[in-house]
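After this come two complexes, each holding chain A, first together with chain B and then together with chain C.
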Partner chain A sequence: MNLYRPFSVSSGSNAPYMRGFWSYERATWATLFCLIPPLVATLWENGGALFPALVLSVITVVGWQALFVARRKIPQRRGVLVSAVIFVVIAGGDAPLFPAVLGLSFGIILGELVFGGRGFSFLNPVVVALAFIIFAYPTITFSSPADWLTYASIPGAVFLIVSRLVSWRMLAGFVVSLIATSSLFGAVIDLGSLTQGYFLFIVIFLACDPATSACTNSGRWANGILSGFLVCVFTGSGGAANEVQPLIMAIFLGSIFAPLIDRIVVEINVFMRSRRNG
Partner chain B sequence: MKFTIRGGLDLRIKGNPKQSIEDGAEISSVALSGGDLRGIRPKLLVQPEQRVAIGQPLFCDRNDPEVMFTSPVAGVVSHIDRSRRSRFEKIEIQCDGKKTVTFDTSGDVREVLLKSGLWTTLTTRPFGNVPNSSAAAEAILVTAIDTNPLAADPTVIVQSAQAEFALGLEKLASLVDGPVIICQAAGSPIIETERKNIRIAEFRGKHPAGLPGVHLERLRLGGQRVWQIGYQDVIAIGHLFQNGQLSPDQIVALAGPMARNPRLLRTRRCANLQDMLVGEALDGELIVFSGSVLSGRPASFLGHRHVQVCLMPANSRDQQSPYSQHGNRNMPMPVLPNETFEGTLPRSILPVPLMRALSVGDWETAHRLGVKDLLEEDVALLSTLCTSGADYGALLRRALVDLEGLPQ
Partner chain C sequence: MKQAYAHLTDPLIKANPITLHILGICSALAVTTSVSTALTMSAALTVVLVLSSAMISAIRHHMPTAIRLIVQITIIASLVIVMDLFLKAFAFEMSKRLSIFVGLIVTNCLVLGRAEAFARRNPVWPSVLDALGNGLGYSIILLTVGTIRELFGVGTLLGYEILPLVENGGWFRPMHVMLLAPSAFFIVGFLVWVIRSLRPEQAETPEFRILSHDETAQS
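Entry: the complex of A and B
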């Protein structure tokens, strides 16, 4: 996928005059388009029951952002819609409306808006929201998703990876580590379950979020490996790796460790440079 | 020595130049902007309305008067732009006549280069300045590869001036104790040479495979004092030592989607682009770039050391940099890390940590991440690809200026 065509040239007074195709807004739109098939699959499965949750989620994130735009002068961005859609696909059918709105508000404010918006925060707001719901409402269980969710996620996943908006290294590290760790533990988790359930959807849209995962190539491997390992740890014996709780907790911790991983990669890089240059 | 550069980008812009050299239109004036010469505080040596000959000094460095810039044409100084701090910004000369200064080229190479003004074609690494008149380098890098979009093929131009190029190399070789390394595209050697300290390094790959920053890293010259020079400047040095006079000519690639007949043109150094482009552009709004579309700038005169002119369509959409999208709020757009970034820098440099360090003005971290191994052109692709719309070239320059002030 050409990341740089069609390019645009500006005659403004400031460089860069030549701009690649992927602006921040275009990347957001692309992700939103990739989310359409999973969303449609989920809505299809649930009939009209999901619409109130979808509308309420959109109102929640847009409302909070509007408040932050007005009070904190952060720029208005459409990235919050991505968060709302991902949240609805995962939790829309299971969480009652009040916990859902509370959790999503918590996630969008503390996971994103207080940092100035997407790209400035180190946690994905949906991960924060789901972690909040998992802790605050332990009685809410996430049922299995639409049968077609994995298949519906594949086109978007392929597009995001080919266009490099999502790191294949992170994804590969995640899957390899999951398989390696589970076989090391003696098949603690059921690998066959990876083709069903939330696995692909959550890994592509939450774990591999470029804004909240490691940002160096070695760091991406390490981040993926760590998250995959943590999924195994949180799944416990006999569990499946496609359940929401272990995936979200693993990604939550993985994102928290991402800056540390990058820092270690940077320090190694600096050490190698100083040794090379004498 | 052969190197393959992985990653990188081919921008595939339409309008690649036909690789044959033709004579360009008559040029009525030339101009040099002071900003083109890094590390020099210019002191003017001419007055407005004064007649100058080719090779006559126009200004010198205030701190190092031996470093001079000489006139590329014979004519009359028509205009001198000064900024508020009386630093000159632009000096314009109307072409008139063919009077040429003749240099005695039998003396010391360094002295001849300084006197003729060709010394200013050398660029130091790190920092990208014109070297001090008494400075020494551990190696000289001759960049005879150009992977910029719409660039000329250096092989064609060097082949048209084999003797001058060889002589120029020889003179450069006597300037340093270390090697003179010719960086060229993979293929047959650009020049046959017998001298021991003139070496050839071949680079294969997409842009930035042709940038000196990448070459330095692969040649393991990072952190050393190196000078770089372009292939056309080597030809100019050869011409000087062959004829005792400066060559007023230079070859540029005139190309781009808006060029009627993209090709290589023989024109004047620092030429007025309006003269050069008479009848060359297609109808429609266009932007004229001096230098590469990545690291050059919209200009009305050919920049010092620029070897290409790009005619790009002006599109009305996307005109604004994301920085200005939010009115006076001036919030930068965030960096969305992307694996493509890794292929745009020398491979030992971590792009996103460097971009973040530069964006927040953390020069110390930038230094640790190897910012001194880079110049503006090396990060130009990053600025193009990054979602933030930040100009990493300008940020890098600020980092380098501050780091240069520190004791080494």
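Entry: the complex of A and C
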């Protein structure tokens, strides 16, 4: 018997594999629904200034996906809209339109579409897009978000965790590791900042993204702990943990390690089972 | 004649040393931040490659197989030292900008690769054509990457302003990432992608594929 094969496989016929009530479409709609309050809060704060960025972002992701659907026969998915909305909430007010479209195109193509779409890639396209903007345009700074962003993210966060679309283990690992590491280093980061700024939004919608974080329970703890630790490292002394740059860089590295973490967890599991059962 | 011609033209795109054999990547990343350095490096490498191939091919019957690598490296290294000194004498500024990368032509897999794979067992004239073709193929990629990086990194080509910068009252916002090594990786990757889309015979067979649900259930 192959010890690497799961006992049951999912109901869908294509990746990303999901179980039970949740299908890919339902999960996408639920996530989009959860994104409405943060988006409204951001639009409210910025007035109409954000609408061009929102429209352009949606056109960008939908257009690139249409091209890949036509040329490479990848499935048409609405998940790209989730990426566009998250991107606009974080970068819409700060990045000028051309860098924003360029970064988002880079992220959506190299972060997702070349691999075959969501569920096939190992990095969240928004993380790739923001990392691209951070590296390509060091002069662009991300100002603090709408005052209400954290509160507006709470309903979505609660819903995603309760419905188990987002793993509480990942979130718990992240926060615990952040607190532990910062106290270990003698409070290098301001923990009060966790309730403001981008922290909750980015952690829930990017760090805990089920498609790009670890997918075993122990792996989720490890993944969260690693990302939280990296935030502390990148924040440096006296910084806040709610800034875009350290969070995105930490999540970027954490996502890259997620498959390795999963692999190690599976190997350990297989080793234990084969020793137990002979 | 036709075959000799193929030695020259094949390495340009069809068997390009960088995009198909993935040789000479190190210098392709390091010296392509501007067109002028890419141009100088391409010329230096092509000259070294042609001369070394000619010499190695000329002495191929007298070269003991056991020590052939030593002999080849000695010839290549001598030529590279001459080239390095030549640049220092006549283009000192450029030589400073290229720093150690001219010297590192010695270890460029492309030069030794052509010596080992072609010049060692072919007559002088085809070897020269093959070396020239590979040098030009290398130059094409270097110049393409250099053009993209200089144009979008600082908005100039060969030092002339093409895209007016925001800080000088224009509209172009330079992309800092173009001046960093990762951008060259991405550009070379995109070039490989484009070439392999146009010439599918270059694409490698995938090492694995993702099983569909039915196949997973059966096994």
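Please note the rule applied: the second predicted complex is superposed on the first by the 258 of 278 C-alpha atoms of A that agree within 3 Å, B and C clash if a C-alpha of one lies under 4 Å from a C-alpha of the other, contacts with A are read in each partner's own complex, and residues count from 1 in each chain.
Here is the rule we go by: a residue touches a chain if its C-beta (ideal position, glycine included) is under 8 Å from a C-beta of that chain, and two chains touch if they have at least 3 such contacts.
Treat the numbers as computed from the prediction; the structure is a model and nothing was measured.
In the superposition on chain A, A:99 makes contact with chain C only, while chain B stays out of contact range.
Of the two partner chains placed around the shared chain by superposition, neither chain B nor chain C is touched by A:44.
In the superposition on chain A, A:217 makes contact with chain B only, not with chain C.
Within the superposed three-chain model, A:20 lies in touch with chain B and out of touch with chain C [touch as defined at top]. Of the two partner chains placed by the overlay, chain B and chain C both lie in contact with A:120. When both complexes are overlaid on chain A, the residue A:272 reaches chain B alone and has no touch with chain C. Contact with chain C, but none with chain B, is seen for A:138 once the two complexes are overlaid on the shared chain. Put simply, chain A uses residues 2, 5, 9-10, 12, 14-15, 116, 120 to touch chain B in one complex and chain C in the other.
Residues 9, 11-13, 220, 222-224, 287, 289, 293-294, 297-298, 312-315, 317-326, 329, 331, 333-340, 342, 348, 350, 352-353, 368-370, 380, 383-385, 387-389, 391, 393-394 of chain B are the ones that touch chain A when the two sit in their complex.
Chain A meets chain B in the complex at residues 2-5, 7-12, 14-20, 22-24, 27, 73-75, 116-120, 164-165, 167-169, 210-211, 215-217, 220, 262, 265-266, 269-270, 272-273, 276-278. For chain C in complex with chain A, the touching residues are 173, 175-178, 180, 182, 186, 210, 212-214, 216-217, 219. Residues of chain A that touch chain C in their complex: 2, 5, 9-10, 12-15, 96, 98-99, 110, 116, 120, 132, 135-138.
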